[in-house]
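For clarity, chains are labelled A, B, C, D and E in written order, and residue numbers in each chain start from 1.
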Amino acid sequence: MDYSQFLMMPQELGLLLVFLLVFLFDTFLPKKAQSSLSIFTCVVFALFTIANVFMAGNGTSFSGMYEQTSATYAMKLILNAGMLIVLIQATKWANSEFVAVRRGEFYELLLATLLGMYIMISARHFLLFVIGLETASLPLAALVAFDKKHYESHEAAAKYMFTAVFSSAIFMLGLSFVYALAGSLYFNDIAVNIMGGQSALLIVALVFVISGVGFKLSLVPFHLWTADVYQGAPTAVTSYLSVISKGAAAFAFLVILAQVFGSAYSAAWEWMLYAVIVLTITVGNLFAIRQRDLKRFLAFSSISQAGYIMLGVIAGSEVGLASLMFYVLVYVFSNLAAFGVIAAIENKTGKVNMDDYNGLFKTNPWLAFSMMLAMFSLAGIPPFAGFFSKFFIFVGACHTGSVAIYVLVLIALINTIISLYYYLLVVKAMFIKQDECVIPTFKVACSEKVALIITTLGIILIGLASCIYTYLAEAASNSSAMFMFIH
Amino acid sequence: MELSLLMYLIPSLVMFGCGVYGFITRKNMIAILISLELMLNSVDINFAVFNSYLFPGQMEGMFFSLFAIAIAAAETALALAIVINVYRKVKNVDIKEITKMKF
Amino acid sequence: MFLFLGLMTTKLSKKVAGTLGTIGLGACLVIGYTAALTYFASGSLEPIKVLDTVWIDFSQIAEGFSINLGIYLDPISAMMLIVVTTISFLVHLYSNGYMDDAHLIKYGHEAEGGVKHGFQRYFAFLSLFTFSMLGLVLATNIFQMYIFWELVGVSSYLLIGFYYTDPAAIHASKKAFITTRFADLGFLIGILILSYYTQTFDFDTLINGSSSAISTMQGTSFLGCSVLCWAMTCIFIGGAGKSAMFPLHIWLPDAMEGPTPVSALIHAATMVVAGVYLVARLFPLYLIAEGSLIVITVVGAFTAFYAAAIACAQTDIKRILAFSTISQIAFMITSLGVARPEYHEGVGYMASMFHLFTHAMFKACLFLVAGAVIYRVHSNESGKMGGLHKYMPIASIACLVGCLAISGIFPFAGFFSKDEILVAAYANNTLWGLWMSMVAGMTAFYMFRLYYLVFWWDKPDYEAHGHHAPKEAPMVMTLPLIILSVATCVIGFLPFSDYITYNHEPLHAGHDWTVIISSTVIALIGIGLATVLYFKKNDKPAKMANAARGLWTAANKRFYMDELYMFITHNIIFQTICRPIAWFDRAIIDGTMNMFANITNAASYAIRKFQSGSIQSYVWIYLVGALAIAVVSMLCLI
Amino acid sequence: MIWSNILIYFVIVPLLVLGGLAFSKSMKAIRTVVVTGATALMVLAAYLVIEFLQIRAAGVTDEMVLTGSWVWYAPFNIHLALGVDGISVVMIVLSAFIVFAGVFASWKIDPLPKQYFLWFFLLSTGVFGFFISIDLFTMFMFYEVALIPMYLLIGVWGSGNKNYSAMKLTLMLMGGSAFLMLGLIGIYFHSSANVNELTMNIVEIAQNNAIPHSWQMWLFPAVFVGFGVLGAMFPFHTWSPDGHASAPTAVSMLHAGVLMKLGGYGCFRIAIYLMPFAAHELGWIFLILTGVSVVYGAFSACVQSDLKYINAYSSVSHCGLVLFAILMYNTTAMTGAIMQMLSHGLMTALFFALIGMIYGRTHTRDIRKMGGLMQIMPYLGVCYVIAGMASLGLPGLSGFVSEMTIFIGSFQNSDTFHRVFTIVACSSIVVTAVYILRVVGKLLYGKVQDPHHLELTDAVWHERFATIVLIAAVAAIGCFPNFFESIIKDTFTPGGIYDGILATIGQPLPWM
Amino acid sequence: MDSVGNIIMYVVIALAIIVFSVLTVTTSKILRSATYLLFVLLATAGIYFQVGYEFLGAVQIAVYAGGILVLFVFAILLTHRPDAKSQPLTSEKRWLGLSAAIAGVLVCGYALIKQCDVVSATLGSSDVTIEKIGQALLSTDKFGYLLPFEAVSVLLLACIIGGIVIARKR
């Protein structure tokens, strides 16, 4: 027994420390001091994020159960960045009258789920992975139900919970089959044991495993919970769900595909994944067209974005990995900008309908501007970051060079037109519709403003500053061992 | 007569099927949760019997079952809390109550 | 001499007031005369390239292949130089009187205060035209000719449509431009074919230097004819359009909607003969492509007759003159068509140019007379005129001179030139000779019909309509008439055959007395007939018209050619091509694009049921979806 | 150093204008900023021409001059690679002109002038960036930068059915760019025979000439259609009538004048020169389409009653001619194509400017409701006639020069197929005359249809200024074409990257 | 060759699982459903005992039967309303449920049967003592589960907090 191995996972320990600090603050400090909990959390988390820079390290611990590579490290950094923005954004909401009593729990749960995601990303053993996955999803149900005023919040939580448990049951069933085939739950062992094997059981196992992770990533046909939950959950939680949770799941997905099932790779799977990607992008887009509720709208948009993220997964290469991480990073900023605006307006007026945004530019030009940038970035319009991430993810996908993947990319590209259509609908509502705006001019809270500035700057700069992608590409190529079974 | 692995898998699979059936058909949310328990339970059986039949030398499957039980407990607790929460809001645990958001 | 183009260019950009324009043109006149006379006096008839600058370079296609701009002097261009500058100068002069304020206001096309502007505009256009026409005649290469060809077309358009508030004028200008544009398409294609084989546009090279390319063209056959033949015919189509040959003549009569001096300048003397000039310019090539010469002859001969026949039945004096112009140009064209080196050393070529020259003088004269009359009577209709010889004696005499000239009565200019044409026609084929003689007789008839109807016939009651009694036009208008009349009397004696020949060698042919006498007799018969019918008011013409009602109406309606064109353009092209295309564009192409959007929307609506809100259906889809994927993958594997 | 390259300033100046606009408060300040910016661009463009001529005069025969390359995204070998040849130089000059005139044409834009000019200059950033780049990625990026502001410019400041038009335009153009992006990615992955030396630099790609023929056959249509949509190629042109009809004046100018040229330029620079094999094999299909475009657009224009629709269809026809000439694959026709881009850009801009000014006064664009405007606003009338004359190919104005160069060049292809299509394209000059004269006749001549129009005024100084600039440019090209043509033609010096495509001249078509 | 007792045991357990599973999801009374679930859970523990995982079986009984089921019963009693009529099951819904369940079982069963080594395997001799379990649970070596053990504690803590948040009135 060598407990020093825990020191190999400094990021998790750090996060646990943050969690504990917040927990203690919440539990033991007097009522009066409670109101500063938000700031405290933000600051501590920001410090932790900065400290993360010094926590880079490579290597496995717990005999291969846990692995830290430069890619996982980078991914955790991205999640941290997103988390920080979410925390800042949520400050206003967390301090609002109805939520303030449960402020501490809110932060604790958020941090706990983030820890789950860390575990998920770094886990190289399915048991640990399942625990990470559940840690990342179960407390979220509680967060979804946070808005006790609104019935939708409860409905969303129930839906989330039931489907999540169902999904995890299916996932674990798949795992049991994997176990039957490989006799171990260590990723490396499985990969070695199933190498080159092609059996019906393996396919069923793979599909079930994919469905479990795909559920988190909301791939079609495992996506149906997404819209309802996003719509019902408090906006802060929705934004968290849509970016952080999704980003971690995407990375985990890539890890599982490459490191576990990469050794038994076959054309049959390829088609399966292609079908899922095409469906995800298309269905997400088709549903998004009709939505008027902005949160629901962004839910469907995020489904189709998940499809694009998957393009980086199927690339199965360092380029794909780098593109995926970059895509997630950009997506974090873009989507959080959008949610930031929505949250700001919702906190003030309670309006989330697209029709309420008509003429927003006249009353709140800066909010409209941020929203527009977010929409453009999500649609992949240069010079905003979304363009770069989309381009790179396509390049990453095409890296494999088969004709089929070009067709897939073409379908994805055609879908970008549909997505552009509905993103432009929002822009249209804000800028072009000349109606009298129902949202009055108001002053955005300081915390929200900070978050919006960060995200807007991110949208503009992440693409233009090539160093970020270069860094991720380097991290990816340092982690090329991930793909040893594919190449 | 030898009790082969299949003999144990059949009840497990049936249990799983029942769980699925129950999930889809039951109207009471708690009944749905009960169905979910069936599914989770069947997975545990799978792990255990795979372990003992196929890989008797180690305990991976058994441990997975062990942890799965713990996780299932947590899930159930949380799910029940949510159900009760819904009940408090609408005085009902009918699954129809949570179909407001759609399309 | 080198300043020529530059001078013209400055004229183009100025909004010249009338006098300034006239003075400028006077300067041109002087320069033009100096140039031409110097050239003729030099004794050598070899062409001179005064200026030749590269405008667009195509040296990547072939060495020396370029579009140049320059000045090219040879006998015919020098002659044209004289014609253009003379007529243009006189018309400028005349316009100073014609386009006075009262006239402009009568046409009411300017809002108050805009009158002066219209006057300037008129002179600007006129100068633009003169510039373009000079550029055309002095072109060093076929492409330069095309360039200025287009420019004269545009100036013609602008001038015809000068009264732009008048729908008829607008319509006429459009018609003129589009018809000639259509013809120019032929010209362009001809140029393209020609230039592809010869890799040059230059006249000199085309005619002398590229015999091998030309023989290649002759050797290459396309749809039964040699490529050269096609090319030359296409080029002739261009010329036919400008020169209003049948069936592209329809624009010219309508073009009379423009101010009368413009008609005199453009639509009688200069621009319309550009087609003749073009054929003459490329005559050596036409000689090689004999097929196209036959086309030219047939078209020319038919048009001559056709236009003459229509002219007999028109009542609008300008229309009569217009058809007469068509007919006379057809004479020139025919003359070129029948010219062959073996017959009298190609006298037809000389005759054509000669006729061009004389026709310019007397037709301009006739138009200016018509202008003077219209200026005073305020109408184009011959029915509203009559007996004007008392009121406008000078105009009357000028008109008589013009009519005699066009009829071919000695010693007026037309006699000499028409005579040569007939000689050429007889020399080629007696049939052509007889045909052309007949047309010459008709010419005499309708011209005198016009003369009598305007100046004799009956005297309507001018005061009755509240107008003043007509009187002689002002001096600026009569002076050109006198000059032109005098010119008409004397220019016939110019020794054309010494200078203007297709091979730059003086001609040695004498006069053919049989032709001279016969043509004079025919002309006299025509005049006599006209005198009998129209000298005094009587009902014989009406009776005759009634006797051949169908023919009369057909001729009066110009044999329904305009209706045919209207039918083709409006009903066929607009209704069956443009509208369907426009509809197709909106409904099918655009519809398809919209359909994509609609399909997307419909699909979006159709699949919304999957999102039913019930988690039980969610998990059903979840599980069945997963199983389906698994099954399909398994099937793939097996 | 990147700042020592003059080309980069074509992007920086508009960006500075954006910055300046952000801090401008009053209308006066806005105008000062935009006029300064537009003038600076003009000056830069003039300087560029001089510089370019000097370089060429010094005997430099490189395909691209003033090149510079700075690594941007190393993992994909993406550079910020700049460079111009004669074609880009004239396109830059064109853009500078249109932007300059556009600023004056939108002098009194209302509402939100600041935002309007922000988007306007963002668009021009894209345009200039596209023309100065020789890196596929940056080209594509700038291309899209130029596209998207259109949506808001039309949507907010447009007229008529603007929502629909703006959406349609944006979606169709982005649809095109979807194909384009695929094509570019395909090109990138086959840009070099060596997998480790993949490049985005078009000069290098052309030199490597490593794209397998089988791939070219797929990538060429993708790229060509992608750019063809923007070049209003039949049957992907339908955004153009609606879009132009709804766009505000200066946006129509910029869009028809410059943006549509991006399409032609892209087809030319990327589709054809990077994939000569497929260009030759498949060119005839597109030749048919563009040939159809030419006559089709012209015929459609004949029966329209909205001024902008007429002009939009006319643009379809003229831009069709651009692509048509490019597909002729010979130096003269291609030179003509570039000239046609230049000429069409200027004269369409002029047209749209005038239509905008007329619309601004009469508040209708229906020619049936107008008439006799020549009496009321002679200045605009005369300008309109000049624009019309340029459009129908009057010698001395730009249209003639370019069309003739195209026709002469096209006719050098000696097979019947090309000949027939050349003649078909030639015939468009007649149809063009028909619709131009029709609209001139109805709009400017004749009786005044609406008595209210009698009270309208003629152009004011900024409008006059905008039109004079454009007319001067149109006339300059028309009178001194050889100056421009020689700049363009330098590009096709033998031995350069264009040999691949030029070698296909005269080879029989695939099915012959 | 298994002993007869074992086989009888097996038959009883298997039958109990199948019958009570079906009853659990078909009975219309929710409390009965919970009761049948208890039997299923106990039978499952029986399987664990049969394959030699006594500890697992004990945990199963303690946690599932003893803990979770009590929760269920509490919840049922909390939410039970005697007056609530349960609507009859629609045939559409039943068909949906049956199709999904049967399809799932068939696909999994087919995949398992195809895998011959899985089907034909016999029970190996495993010696799972509490000591070994304890060692493994706190080991950091291969097949040591210290990290999951710690991680699951975080999960449980988070779930507790979550449960509190949800259950609190405000």
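What we mean here is this: contacts are C-beta pairs under 8 Å (C-beta built on N, C-alpha and C of every residue); 3 or more make two chains touch, one makes a residue touch a chain.
Only a predicted model underlies this, so the values are computations on that prediction, with no experimental measurement involved.
Q: Could you give the fewest steps needed to travel from chain B to chain D through chains in contact?
A: 2
Q: Using direct touches as single steps, what is the fewest number of steps from chain D over to chain E?
A: The least step count works out to 2.
Q: Give the chains in contact with both chain C and chain E, ordered by label.
A: Both-contact set = A, B.
Q: Comparing B-C against A-B, which pair counts more contacting C-beta pairs?
A: The greater number of contacts lies at A-B.
Q: Would you identify the chain whose Cα-based centre sits farthest away from the centre of chain C?
A: Relative to chain C, the chain whose C-alpha centre sits farthest away is E.
Q: Name the chain whose C-alpha centroid is most distant from the C-alpha centroid of chain D.
A: Farthest by centroid: E.
Q: Relative to the centroid of every protein C-alpha atom displayed, which chain's own C-alpha centroid is closest?
A: Minimum centroid-to-centroid distance belongs to D.
Q: Counting in whole Å, what is the centre-to-centre distance of chain A and chain C, each centre being its mean C-alpha position?
A: For chain A versus chain C, the centre distance works out to 77 Å.
Q: I'd like to verify one number: the distance from the centre of chain A to the centre of chain E, where each centre is the average of its C-alpha atoms, in whole angstrom.
A: One centre to the other, that is 31 Å.
Q: In whole angstrom, how far does the Cα centroid of chain B sit from the Cα centroid of chain E?
A: Measuring from centre to centre gives 6 Å for this pair.
Q: Just the number, please: Cα centre separation of chain C and chain D in whole Å.
A: Centres of chain C and chain D (C-alpha means) sit 36 Å apart.
Q: Any chance you could list the residues of chain C touching two or more other chains?
A: Expected reply: 608, 611, 613, 615-617, 619-620, 623-624, 627, 630, 634.
Q: Find every residue in chain E that makes contact with two or more other chains and list them.
A: In chain E, residues 93, 96-97, 100, 104, 107-108, 111-112, 118, 143, 145, 148, 152, 155, 159, 162-163, 166 touch at least two other chains, as defined above.
Q: Residue numbers in chain B touching 2 or more other chains?
A: 16, 19-20, 23-25, 32-33, 50-51, 54-55, 58, 60, 63, 67, 71, 74-75, 78, 81-83, 85, 98, 100-103
Q: Name the touching chain pairs, please: which are they?
A: After working through each pair, the chains in contact turn out to be A-B, A-C, A-D, A-E, B-C, B-E, C-D, C-E.
Q: Tell me, which parts of chain B touch chain E in their complex?
A: 1-28, 30-31, 33-35, 37-38, 41, 44-45, 48-60, 62-63, 65-67, 69-78, 80-85, 87, 91-93
Q: Could you pull out which chain D residues touch chain C in their complex?
A: Answer in residue numbers: 168, 171-172, 234-235, 237-239, 241-242, 296, 299-300, 302-304, 313, 330-332, 372, 374-376, 378, 389, 392-396, 400-401, 404-405, 407-409, 411-412, 414, 422-423, 426-427, 429-430, 433-434, 437-438, 441, 444-447, 454, 481-482, 485-486, 489, 492.
Q: Quick check: in the complex, which residue numbers of chain E touch chain A?
A: Checking each residue of chain E against chain A gives 107-108, 110-112, 114-115, 118, 138-148, 151-152, 154-155, 157-159, 161-166, 168, 170.
Q: Write out the stretch or stretches of chain B touching chain A in their complex.
A: Listed in rising order, the residues are 16, 19, 23, 29, 32-33, 36, 39-40, 42-43, 46-47, 50-51, 54-55, 58, 60-61, 63-64, 67-68, 71, 74-75, 78-79, 81-83, 85-86, 89-90, 97-98, 100-103.
Q: Mind listing the chain D positions that touch chain A in their complex?
A: It is residues 72-76, 78, 137, 140-142, 144-145, 148, 151-152, 155-156, 162-163, 166-167, 170-171, 174-175, 178-179, 181-182, 185-186, 188-189, 218 of chain D that touch chain A.
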